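In the two complexes that follow, chain A is the common piece, with chain B as its partner first and chain C second.
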Partner chain A sequence: MLTDLYVFGDSAVHRARPVVKIAGLVVLCTSVFVFEGWPSVLVGGALVAAGFALAGLRLRHAVASIRPAFWILAAIFAVQLVLTDLLFAGFVVGRFAVMILGAALVTLTTKTSEFVDGIHAALKHAPGWVPKEQIALAISLCLRFIPLVRTMLVEVRQAQQARGLDRNVLALLVPLVVRTLKTADEVSQALYARSFD
Partner chain B sequence: METRDVVFIALFAAIIAALGVFPPVTVPVIAVPITAQSLGIMLAGGILGAMRGGLSVVLLLVLVALGLPLLAGGRGGFGVFLGPTGGYIVGWVVGAVVIGYLTERFWTRLNFILAFAFCVVGGILLMYGLGVPWSAYVAEVTLATALGGSLAFVPGDLIKCLIAAAAIVIVKKSYPIITPRSR
Partner chain C sequence: MIISFRDVSVEKNGVRILKGINVELSERRIGILGRNGSGKSTFARLFNGIETPTTGTVSLNGVTERKALRRHVGFVFQNPDNQIVYPIVEEDLAFGLKSLKLSETETRQRIGEALHRFDLEHLRDRFTHQLSGGEKQMVALVGVLVMQPHMIVLDEPTTLLDLWNKRKFMAALNALEQSLVVISHDLELLEGVDRVLHLEDGTLVEDGDPATVIANYVARSQC
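Let's look at the complex of A and B:
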């Protein structure tokens, strides 16, 4: 199953249009770099926290979005602490936290389908040289085939396990790639047969 | 670009995404986890070529930005581009394109040594060339400090280059996709 990171809700943040949220995120991230210093990080942090509260997100959502970056941030904090002082180290790491949480707020309150719809809507107004149908086809094919390729990976791994080769990365990778390429050829033949282009 | 190329782009992006669920292999001595995902980037260039390989990485990154947790460890959303390692992720596109270009250029006499050299150029030199200055800038440290922090990952990346080069050469023999680029 392919699930997105969306957290169900019906707040003003959830209902806002994706493009508005992304524009807000761009403004937030640019301003914490342009106005360097604690005030901008604190204002940004307060805004993001307000957004989290408004969207009805819990603390655990914030923790879950920071966690993948935790060790890198800890290392940066330690290096800055040695090179400069506590205040500056806190500022650098705090700025990361504000940006990552701001991005998480957008991701957690927007369904992937809403983004995809947004892209399709934007493509309608795109100039003629943009290959609209092909972009739409690539996105939908990829979304459809990610679960399939994952299943293939599991099958190949089980097959190689039976041969005692499951620790051999090459013995997993090559059959997976060749099988996917064959599938791709079959899919494109099916598309030709149905006169897609 | 033909429909067949679009299908290759889409399915290779799906491969790179699937490699994100591959359990990371930890090298015993240096204890740095190796995720299979950057392997997928090298394969995208070396198997599909510059144009299709680069576009499949772009497609994957678009889906990641749309909030799908497709990067290793279930990471996704806009945050990954804004974090300290965002430069490496942007470097993936450049890496795949360069590996693809070099592979196309030397396709007729491609062997393991050449493929390995291309993976090192695109997958290590270029990737670090973008990732290190990026993290130095956003983390407000000097280039030397950022480089020092990244060096721990070089042995793992070299192993990935070896695996990717072997896979590129085998797939070239068994299911070639690239047509050689004339000079």
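Let's look at the complex of A and C:
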């Protein structure tokens, strides 16, 4: 749920500059791949756990972050178990889990506007033809409109169920796409009305 | 503040949506009526330059530049979900202010004042997708107000609200010092306006005092 996308707080992790957090995440993810073996996963895991504790995040936040990837991780574990052994399968899944939780730590402690400002700052030295403002805004719009599209999907599905078309994919997709496009059109007008060029 | 429409026509895909509108508006409260497809929303979008006329000019105190229209005329859409851009209320209210290049302190101050004015401080740190319809519409209105426009255009702003939220929203509108242009089928929303325009088929069919225009509009609807 996007409800858990940001957890309010005033910890050192919350206050850290987004660019520092993103750079830390890149270093963490690279390290667990470069230094293969359990020590790198354990050190990475300990750092992420310390970050969660420092940010005042709870175990439920970690569980909620890892839950969407659970079945993928389970499949990877099963394949690795068949191809290698229990220890290596655990290592591979542990490595992914550390990266997912590291990314969750960044998103849970960084507001969208801070992300956008961070991206904008990172693109400061990009060539003039790079649409910096638009890239930053597109990212914020994605985060904002995921729940909106989900609501539309539920409404359209219920409307089609009421007509007995609950197993018809076309009956679900056509109104959803039309509504999404109409919404996109109005959102672009609203952005203009709100002084965004 | 005078907004003028001179021989304004709008054509889209070969269809003339507005036909030769000539009107000058200076009243503080203006209502716009009309049936579905009469051109009301297109007309409303001309006020702050979202739409551009195919022919003719729209000017605000004599200035025709779209950027000036947009800066001084705020716009509240029917569906606040399409107007709110950021996931957290405070971030969304700060969005429009970025274009004014205010300092962080000024931005926070403006947002704080606007939220305080409508007793909405409790929404400051809320996720926008978790707000009720009434709260979202209030946030959309505050998002416009922080820009301190001289005029606000509202396109059927209460259509998605229940009676309680509609009354609350109307009370908030009545307290505003800005000029308001309200587009609505809801005649209750037009109570107390100074002037009403009635559009049909892209043409201004009646323009005058609210009592007469609304009475004629209701009479026409009963034919």
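We take it that the second predicted complex is superposed on the first by the 114 of 197 C-alpha atoms of A that agree within 3 Å, B and C clash if a C-alpha of one lies under 4 Å from a C-alpha of the other, contacts with A are read in each partner's own complex, and residues count from 1 in each chain.
Convention: a contact is a pair of C-beta atoms (placed from the backbone, for glycine too) under 8 Å apart; a residue touches a chain by one contact, two chains touch by 3 or more.
Everything quoted here is computed from the prediction, not taken from an experiment.
Asks: Contact-wise, after the overlay, does A:192 reach chain B, chain C, both or neither (first, second, both, neither)?
Replies: In the superposition, A:192 touches chain B and chain C alike.
Asks: Tell me which partner touches more residues of chain A in the superposed arrangement, chain B or chain C.
Replies: Comparing touch counts on chain A for chain B and chain C gives B.
Asks: Is A:74 in contact with chain B, with chain C, with both, or with neither (first, second, both, neither)?
Replies: A:74 contacts neither chain B nor chain C.
Asks: Contacts for A:8 in the overlay, against chain B (first) and chain C (second): which applies, first, second, both or neither?
Replies: Second partner only, chain C.
Asks: First (chain B), second (chain C), both or neither: which does A:121 touch?
Replies: neither
Asks: Going by the contact rule set out at the top, does A:86 touch chain B (first), chain C (second), both, or neither?
Replies: Neither: A:86 stays clear of chain B and chain C.
Asks: With the two complexes superposed on chain A, say which partner A:174 touches: chain B (first), chain C (second), both, or neither.
Replies: First partner only.
Asks: Can A:130 be said to touch chain B (first), chain C (second), both, or neither?
Replies: Neither: A:130 stays clear of chain B and chain C.
Asks: Quick one: is A:50 in contact with chain B, with chain C, with both, or with neither? Answer first, second, both or neither.
Replies: It touches nothing on chain B or chain C.
Asks: Identify the overlap between the chain B-contacting and the chain C-contacting residues of chain A.
Replies: The overlap between the chain B and chain C interfaces on chain A comprises residues 2-3, 5-6, 111-112, 137, 141, 143, 148, 183, 187, 191-192, 196-197.
Asks: Where on chain A does chain B make contact in their complex?
Replies: Result: residues 2-6, 22, 25, 29, 65, 68-69, 72-73, 75-76, 79-80, 83, 88, 92, 96, 99-101, 103-104, 106-108, 110-112, 115-116, 131, 134, 137-139, 141-143, 145-146, 148-150, 152-153, 169-170, 173-174, 176-178, 180-185, 187-188, 191-192, 196-197 of chain A touch chain B.
Asks: Which of the residues in chain C come into contact with chain A in the complex?
Replies: On the chain C side, the touching residues are 45, 48-50, 70-71, 74-75, 77, 79, 81-88, 91, 94-96, 99-100, 125, 127-130, 143-144, 147.
Asks: Along chain A, where are the residues that touch chain C in the complex?
Replies: 2-3, 5-6, 8, 111-113, 137, 140-141, 143-144, 147-148, 183, 186-187, 189-197
Asks: Give the list of chain B residues in touch with chain A in this complex.
Replies: Residues 1-4, 6-15, 17-19, 21-22, 25, 36, 39, 43, 47, 55, 59-60, 62-63, 66-70, 73-79, 81-85, 138-141, 145, 149, 163, 166-167, 170-171, 174-175, 177.
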